[in-house]
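Each of the two complexes below includes subunit A, the first together with subunit B, the second together with subunit C.
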Partner chain A sequence: MDVFLQTLVAGILKGGLYALIGIGMTLIMGVMGIINLAHGQLMMLAMYVTFVLNTMGVDPYFSLFVAMPLLFMLGVAIQKFLLNPLLKTETILPENQVLMTVGIGMVLTEVVRFAFSSDYKYITTTYSNQTFFLGNISFSSALTIAFGIAIAFTVAMFFFLVKTDLGRSIRATAQDKDAATLMGVNTGRITVITFGLGSGLVAAAGCLLAPVYYIFPDLGGPFTAKAFIITILGGLGSTVGAIFGGVTLGMAESMGATYLGMEYEDIIGLTIFVLVLLFLPGGFKRLTKI
Partner chain B sequence: MRGIIRGTTMVAAAMLIVGAMYGGALAADGIKVGVLLPLTGAQAKFGEIEKRSYEMAAEEINAKGGVNGRMIELVFEDDTGKPDVGRSGVEKLISREKVPVITGGYSSSVTAAATPVAQQFKVPFVISTGSADDITEKGYDYIFRINPPASEYPNAVKSFLHEVAKDVKTVALLYENSSFGQSSSKSFEKDAAALGLKIVVKEGYQAGAIDFKPVLTKVKAANPDMIYMVSYLMDASLLMRQSKELRINPKLFVGGAAGFTLPEFAKSAGDAADGVFSATLWVETLPFPGAKEYFNNFKKKYGSETEYHGAEAYAAMYVVADALKRAKSITPKDVRDALVTTDMMTAFGPVKFVSYGKKTQQNKLDTYLVQWQKGTLEAVWPTSVATKKYVYPTPPWDKRK
Partner chain C sequence: MPLVMKDNYYLHLMILFLMWVVIGSAWNLIAGYTGQVSFGDAAFFGCGAYTAGLLATHLGVSTWWGLALGGFTAIAVGLPFGWICFRMRGAYFALATLALNEVLRHAATIAEGFTGGMVGILIMPSFTSKAPYYYIALAMAVASLASLQLVVRSKPGYYFVSIREDQDAAESLGINTHFYKMLSLAYAAFWTGMAGALYMNYMGFIDPHVVFNLHDISIMAILVGIVGGVGTVYGPAVGAFVMVAIQEMFRSGFFGLFKWLGDVSGSDSLVRVAAVLTQAHVLGFGILVVVVILFLPNGIVGDWPKIRKRVFRLDAGA
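Take a look at the complex of A and B:
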């Protein structure tokens, strides 16, 4: 029983972080229909920001206040100067915005490699190794805090989208861009803000992951893949779906690792991905209707 | 046009004169030593550490008067990590450079391909690193090896389990799901069987995972006496951090790969690294004369850290120089005869070429067990070379300060 509970806890805590990684991507994908394949690389960048701040003595949790605005601005710049112009260009490939994000991801990786080399970096904090116990079940302090913050961000994001004018505009753009434009929504501005928000949220995930993981330039790719799976699991554009998607992926990985073998971790994630595509094409959004 | 021709002629003449002076000087004084190393390709990082160590040793020897007044001149040959290139490299060293002795030899496959050439031409080859067992099992009389063969690498772990950790009965084996991890775990399984240990958990994992807790939870439930991990750097540190988080308390943690001896491991794992054992061939804290100096000088000179590969190369250079000093003349035959009677101390440990089992002209060395104690990697086993006493059994996490 302890084994099961411990696995469950580990999976849920990891899932919270995954949700935060996925929510940025789901937002961008839902609103603009762009699969941002530089998503993990943006997170990697935020982790390096956290790392640099840490060498100056700034705690990773405080670097949230630096990394998020910084990545928000970078996201805005990417959308404004790199992705929006592509909308106006006639090309053979309709999906060249997606290809652009692949390129951006590569550039980010190589720039970081140039600046910091391929060596592993790590942030050691007093709470990196800390745990507390409920009965026999251990909770990693850092991951629990990360889980809390991730949920807070996701809830805030949910209310932002439902209650505020800007949030409503974003949802309107996601539902029907042309109709939104006709109703007076500046959809160009909305896409820019949305990309910024998505980048800021994944930056938060990076800051929260930094104390428990390690940092290297090639870290982006696998996380882009995870974010993509979560987005599909949750259903495009749904914040609640992203939470479910993230936690589902986290739990599936942990359960699989415990009961099947850790070698199969990725296989399990991808199998669920395929099953959801086959049997629940709309993702969990179809179930929650939000 | 005429100007160009004249210019070229003059440059050529100048080069000839300078070349003649150099060549002349070296031909009179220098002794060429051939070194076969991977200087490009995937193994180049270690090739570079070895090359620098050879150069450092040769500089030190030359500064102290060289070999009976003659300077050592290293001739490097890049094997690029490929056996056929290594073979032709040795041929080139022998036929064109006419070296009286060859050293180096990094990967087992290259070394295994290159040594028969040296044997055939009867030029002594002092192997510094290539570790496949059968290299010194062919009865070659011109092949010498300084490092222990691969099968003896886990000796220290085995003898430690045999003599100290006698109450270890069950083992959990974790390994990265790579070819290196799989082959290491298989050979460990054999050793475990020979020692009568029961493997209660055997798990491969994907390198680069965020969360090892599921696997470690299983390990915790099995409650083994020992955890043996074949992991590279960052997985190693996450494994230890999360073992601490879950308070897994085996009697000992043993690392089976380089990941556990690198300084980054302790820095990243923090106090979770304390008490972790690892097998190694050399560590700078070993009580051999010059070991610490070699490590410090290397760091000062090149600004990067060295490890056991470098120490092997550094020691090999001294062994070769020692043989050259004692040789009746600088011919391959006489150098070989001098190598046979080698009996010296190096920064890598004592060197004496002996025959045992099927092996001939093989240096018999202990392998060592090191343990992280308060952030320092201490040699703890065998006790004859220990810098600190081993901490066994590892204290449970909640009993630590």
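Take a look at the complex of A and C:
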């Protein structure tokens, strides 16, 4: 029973971080209808920013304030100069934008590889390996803090989308771009801001993950896949869905690692992905409606 | 060609080039003509390669049977997958193929007893000379181009294009879109699997990271198709030529230019530049993806009038 509870807790804590990664992507996918396959790479970049700041003595949690604006700007630039121009060109393949993000992801990975080489980097803080116990169940301190911050960001994002004018414009654009344009929403600007926000959120996830995970350039790919699975699980554009999706994926991975074996961890996510696409195409959004 | 060129190096490049013609034109049928962009060509490529390799190591069967069967194994994997996943559209299908590729890669790594896991498979090549491989690759490239030409000029070919242009309209005209997508997938899987089996025969060594590689196989296949021209018969041939040349350029550090410059001038930094450049092929691919999609979304063949006009300052009509 303890093993089961321990696995469950580990899964939920991991799931909170996954939710934060997923929200960024769900925003981008919901609003622009494109899949950002450079999402994990943006997170990887944020982790390296955290790493560099850490060598200068900045705590990973404070580097949030640097990494998020930085990645926000990068996201804005990518959307403005690389993705928006594609809307105007005439091509046979509508998937060009997706391919473009693949290319961007490759460039980011390799540029980082040149700057830092392929070596694994670690950020060691006083709390990296700390744990505390509730009953017989151990909690990793860093992951618990990360879980708390991730949930805070997610809740903030939810209220931002529901209550503010900008948030409403984003949701309007996600629902119907043409109608939103007719209602006086500058949809071009909204897409740029949304991509920036998505990048900023995943940057936050990167900073929170940095103290407990090793950092290397190829880390982006698997996390892009995870973000995508979470987005599909939660339903496009749904923040609440992203939380459910993230926690579900986190738990499924932990359960798989405990009861099937470590090497099955990635296959489980991919299998869930295909099953959800087939049997629950709307994801959890169907159940939560937001 | 081997009669004129005795140099093994160029023969090797030609074999690679012909192999990519096969893979590129297979990708082009399913993506360029049918509009179902596949990100998982490596899945079929790996299936073909592993078929040939496993037959040789477990049953001691000649790899030529592997070459014959590789394409069919790829179809056997591709059809159930397509049957399930063709109800997804556009980018979702693309991602499902990506998932298939990853699942197969993990499966090949985990099933150590059967596939050798990370260690991979090593077989003895049938020929010591490269010339026979060249003729086989040439025959395959010609056959794949001829069959592509045949398919796109036939009724299914027009159905494929109609699915690409407007799936709902095609459906309303009574075309069984699911069936024709499967047909297109079977064709693509077959030729990609054949290319994989050829790769196994030629290289004599595979492991999961080589044949199920997203960058080196799947993205390369997409690039071959896109650089050459999506939805054209001969585009992928042009694309394959360009891509193999670029890949080789990076691998050899611009044909040893920087190393030579470094040796001549005696400067260490130039030698270091050369070393860095040889590792930069993924970066080169990435930049190429971005540039090609931004400026030549229809590829060299598809955008040829535009290139002529811009670069050679010729009137497109003339």
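In the analysis below, the second predicted complex is superposed on the first by the 290 of 290 C-alpha atoms of A that agree within 3 Å, B and C clash if a C-alpha of one lies under 4 Å from a C-alpha of the other, contacts with A are read in each partner's own complex, and residues count from 1 in each chain.
The definition used in the following text is that a residue touches a chain if its C-beta (ideal position, glycine included) is under 8 Å from a C-beta of that chain, and two chains touch if they have at least 3 such contacts.
The structure presented is a predicted model; accordingly, all values stated were derived computationally and were not measured.
Enquirer: So, does A:275 touch the first partner subunit B, the second partner subunit C, both, or neither?
Expert: It touches nothing on subunit B or subunit C.
Enquirer: Contacts for A:266 in the overlay, against subunit B (first) and subunit C (second): which applies, first, second, both or neither?
Expert: In the superposition, A:266 contacts both subunit B and subunit C.
Enquirer: Determine, under the contact definition given at the top, whether A:131 touches first (subunit B), second (subunit C), both, or neither.
Expert: First partner only, subunit B.
Enquirer: Thinking of the overlay built on chain A, is A:73 touched by subunit B (first), by subunit C (second), by both, or by neither?
Expert: So A:73 meets neither subunit B nor subunit C here.
Enquirer: Quick one: classify A:156 as touching subunit B (first), subunit C (second), both or neither.
Expert: Touch status of A:156: no partner.
Enquirer: For the three-chain arrangement built by superposition, which of subunit B and subunit C touches the greater number of subunit A residues?
Expert: Touching more of subunit A: C.
Enquirer: Looking at the overlay, does A:179 come into contact with subunit B only (first), subunit C only (second), both, or neither?
Expert: Once the two structures are laid over each other on A, A:179 reaches no partner at all.
Enquirer: Taking the two structures together, which residues of subunit A meet both subunit B and subunit C?
Expert: Subunit A residues touching both partners: 263, 266.
Enquirer: Within the complex, which stretch of subunit A touches subunit C?
Expert: 34-35, 82, 85-86, 89-96, 98-100, 102-107, 109-111, 113-114, 221, 225, 228, 263-264, 266-267, 270-271, 273-274, 277-278
Enquirer: Applying the document's contact rule, which stretches of subunit C touch subunit A when the two form their complex?
Expert: Spelled out, the residues of subunit C in touch with subunit A are 31-32, 35, 37, 39, 84-85, 87-88, 90-92, 94-96, 98-99, 102-103, 106-107, 109-110, 164, 214-215, 219, 222, 226, 230-231, 276, 279-280, 282-283, 285-290, 293-294, 297-298, 302.
Enquirer: In the complex, go through subunit A and note every residue touching subunit B.
Expert: By the definition above, subunit A touches subunit B via 2-3, 6-7, 10-11, 14, 120, 122, 124, 128-129, 131, 138, 140, 209, 212-214, 222, 253-258, 261-263, 265-266.
Enquirer: Looking at the complex, which residues from subunit B come into contact with subunit A?
Expert: Per the touch definition, subunit B meets subunit A at residues 177, 203-206, 208-215, 217-218, 220-221, 233-234, 237-238, 241-242, 244-247, 264, 267-268, 270-272.
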